[in-house]
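Shared between the two complexes below is subunit A, which has subunit B as its partner in the first and subunit C in the second.
And then the complex of A and B:
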């Protein structure tokens, strides 16, 4: 029996290690390749070669994208302009909305919340057409606002925060109400201090999603306003070395956010139940 | 007197509720409901400026469009293959992680990592691996096999499935972990006292109690799989191999020539289809809930 357990646990570790390696491997490969010169990367590609340790370590790719080719920084800036307002705006509308859906009784609440969930589930194939139509009507196609505004009002944030606020006992709010607290006071003094984790989690999920946006900018923005995410895909294949360096820079903010808020992120995702 | 006050306070709650939910509701109505209603009108009309009612003609046209048929076929095929696969993989890994393994939290962190890695970055690695002269073909060459340029062939489809599983397993794993933690430990203790084997305990306790979680993961996986265009676009651009020509490719190509009628019709069809699918899934879930 003991013998068998040992075999099983060796197997388990083997599986986990393979998966863990698989999860990290592309990132490692990319980082290491970003420190190679263009010829080295290309030589490896043309010769079927698995090449992970640089023959001659160089920062030339980073020098290129940061100093010699302003294009990259421009796109990076575009990504920031699009992502940051969406994340901040979404957190704002979500907190207020979630408070209403979780703690206040109002007419048609259930029905509206159901429609929010429905919209959240819909893929871009459904949502982008209406967004394009309305943006065309109010003459915003091609402006950053055409991506930012619908992003702010994506219903996912309200949903996530509502699920979280539901887990805070109603008694706390009732007690405060008896003491004469207004809704605003309850929200800021009682609810907010308890939902910092959920806000962090929403911020991460929203940041990661919008930092990676592809569908919206492709349709709504002109060429010079495209963010880094779509720009990366247009990098030529014979500039792969540079592409690797761009890719590394591009994922830095995401990784930074993840490493600083992993615990909250996990808790947030665990609250995503549709009950 | 008391009654009047009650009615008043109920009215006030109503108003306060709408004030708090106001911004999100206004955004929802402005950027989705109203334009969606407009696009429903487009579905049944033709012409620019002066619209003509044409009944279901747009729907008939769309269903006969071969590009649309291909996109629907690929999208469904992708769902059918990748969703069960990602559920099995992530449930398997979760069960291992949950079996009192050392360093479980380290593995959990590493395995959720792909969730935040931007696809636009790592796609270069996949491209290098699956290129004509890439790493995968390098390995095959040593075995005496000359591999194809994967991204120009039907292999794209399987590469996309692989990327999907790579990216989404971590997400599902977190949800499964929460589900497993909600199962009372006493059940397992009782079953082991009764002499139940671990396999039996899994099928008699874990799986039935995990049904709601599995449903939820199933829905999340479908949502994510309908968003696979992102990865497909990064992998092969606007005009990929026909095996990964997805619905969003079809939409994008029609955005270029601004065919509102066709776009609206397609979007309404997807809306109805996804809505119905989710509705029935929820109904099914209620039936199985313990």
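And then the complex of A and C:
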């Protein structure tokens, strides 16, 4: 029996390792190739070889994109300009929305919340055309605001925060009300100190989502304001080594954000799961 | 353990941000420092060989001028520059009322003087001095009266007095009529007495070329020498034509310390006034369409190459780069040579590298410098 368990365990681990390798392989491949010269990368691709360990370790691709090609950096800052305001704005709107859904009783609350969930499960492309028309009407097409403004109002953020706020006992809010606290005071003095984890997890998820956005900038922004996410696809086949280095640099901020708030993110997701 | 990890992550994030910020701030400076600077020149037609080359201007040798006899008010100009005219053709019309008024004023002055002379003659003791003085005045006024209509027809037209071509209409003297197509008289303007209104040349005018050279190069030309006059330098695509001129005049301008030369052009079929031409001594007779300094040539195993500068869309934006092109060297002297390229050297490129701050190779990205013209 013990031996059977051991075999099952080995099989489980083997399957898991295969899946983990399958998931991680593209990242490993990208990172290792980013430390190869252009010729080595092209030679490996032409011969259909998966070349993981560089024959000649070099930082030339990073040197090229960081020192010799200012365009990469401009795109990087375009991504920052778009993502940071969206994350901050999304946290603000989500907290207020979530407080209303979780702690205030009003007519058609359930129906409106249901609509929120409905919007959340819809693909973004569905709302893209109306957003474009609205932005064109208010003359914002081509400006950063055309991406930032719609990005701030996220249904997922409201949903996530609502689930978290529901876990905070209503009695605390009732007690504050009895003491004469307004909704704003309750939100900032009672609720906010308790939902730091949820805010961080929302920030991480929102950051990753918006850092990787493709459709919005492609449709709403001009060529000069395109972020890194769309820029990577413009690198042609002859410069794949540079594409690998760009890819590594592109995923760095997301990794940093995740590592910095990993604990809070897990807590937030657990809360979501609990509910 | 947890806190140590967090501190490490925070440090890495700070380093990452600092690197990105610094790279962004200094990227342009670093890029400019690292790229080889190449001086770019354009392919030009030119001469190969010993001798002197300068720029000159074509002028008509003999022009016939039609002057404004009085301060006329020109109402209409009937001809245009480069228009052929025949003797007796109307060139312009002046305000006839003004002429009539002037004539009447003169007639009045003559009549007054005539009366005064008559009354002086009838006097018992005529004052002979006064009489002489008035007679002189009368003669003068008569001459003035005749002068009023000189150069004009009865209806106030200025006529051409030879067959030929109008080469200049003196716009200063006819005010608003710089080129005479106006016939409505709306832009009447005053001409100044004694100044030329029109310049006419014969149907087959002789042309001369004028050029200046510094006193140290003046020995290259002497009166009677033949020089080459070439057109087509300004425009790459224009056909290069070379004619001969004979130096006819050499004058020293002490103020500028330079010599002014004039030469009579023998064959003027393709030239016209104010054309800019290249004047060169006969030693540098042969001219070529693609002349470059020898510093542009790169020799590799006995084969000659030049680097042409072009722009391409790189992975990270547009960039300037050099492309190696094999060329065949034709004639050459100490400084310049003419080249023939296997591919088209003039399409889609900024020019040819004449000097590079660092060694360059085919497809290298460069920073082009344009010494005498912008892109």
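For this structure, a couple of remarks:
Everything that follows uses one rule, which is that the second predicted complex is superposed on the first by the 267 of 275 C-alpha atoms of A that agree within 3 Å, B and C clash if a C-alpha of one lies under 4 Å from a C-alpha of the other, contacts with A are read in each partner's own complex, and residues count from 1 in each chain.
Operating definition for what follows: a residue touches a chain if its C-beta (ideal position, glycine included) is under 8 Å from a C-beta of that chain, and two chains touch if they have at least 3 such contacts.
A quick note: this is a predicted structure, and the numbers were derived from the prediction, not measured.
When both complexes are superposed on subunit A, subunit B and subunit C end up sitting side by side without clashing. Touch criterion met: A:243 reaches subunit B and subunit C at once. After overlaying the two complexes on the shared chain, residue contacts for A:169 are found with neither subunit B nor subunit C. With both structures placed on the common chain, the touch criterion links A:71 to subunit C but leaves subunit B unconnected. In the superposed model, A:193 makes contact with neither subunit B nor subunit C. By the touch criterion stated above, A:180 is placed in contact with neither subunit B nor subunit C. When subunit A is checked against subunit B and against subunit C, the one touching more of its residues turns out to be B. The vertex angle at subunit A, taken between the C-alpha centres of subunit B and subunit C once both structures are aligned on chain A, is 110 degrees to the nearest 10. Annotation: superposed on chain A, subunit B and subunit C show a minimal Cα-Cα gap of 14 Å. When both complexes are aligned on chain A by C-alpha atoms, subunit A residues 243 touch subunit B in the first and subunit C in the second. By the touch criterion stated above, subunit C contacts subunit A in their complex at residues 6, 9-10, 12-13, 16, 19-20, 23-24, 27-28, 30-31, 34, 314-317, 365. Of all the residues in subunit B, the ones that touch subunit A in their complex are 10, 13-25, 27-28, 30-32, 34-36, 38-39, 42, 92-93, 96-97, 99, 101, 107-128, 131, 133-135, 137-139, 141, 166, 169-171, 174-175, 177-178, 216, 219-220, 223, 226-227, 229-230, 233-234, 237, 247-248, 251-252, 255, 260, 263-264, 266-267, 270-271, 274-275, 278, 282.
Interface of subunit A with subunit B (complex): residues 9, 12-13, 15-16, 19-20, 22-24, 26-27, 29-30, 33, 44-50, 92-94, 96-97, 99-101, 104-107, 109, 112, 115-116, 118-119, 121-134, 137, 149-150, 152-153, 155, 158, 183, 204, 208, 211-212, 214-215, 218-219, 228-230, 232-233, 237, 240, 243-244, 246-248, 250-251, 254-255, 257-258, 262, 265-266, 269-270, 272-274.
The residues of subunit A lying in touch with subunit C in their complex are 65-74, 76-77, 234-236, 239, 242-243, 252-253, 256, 259-260.
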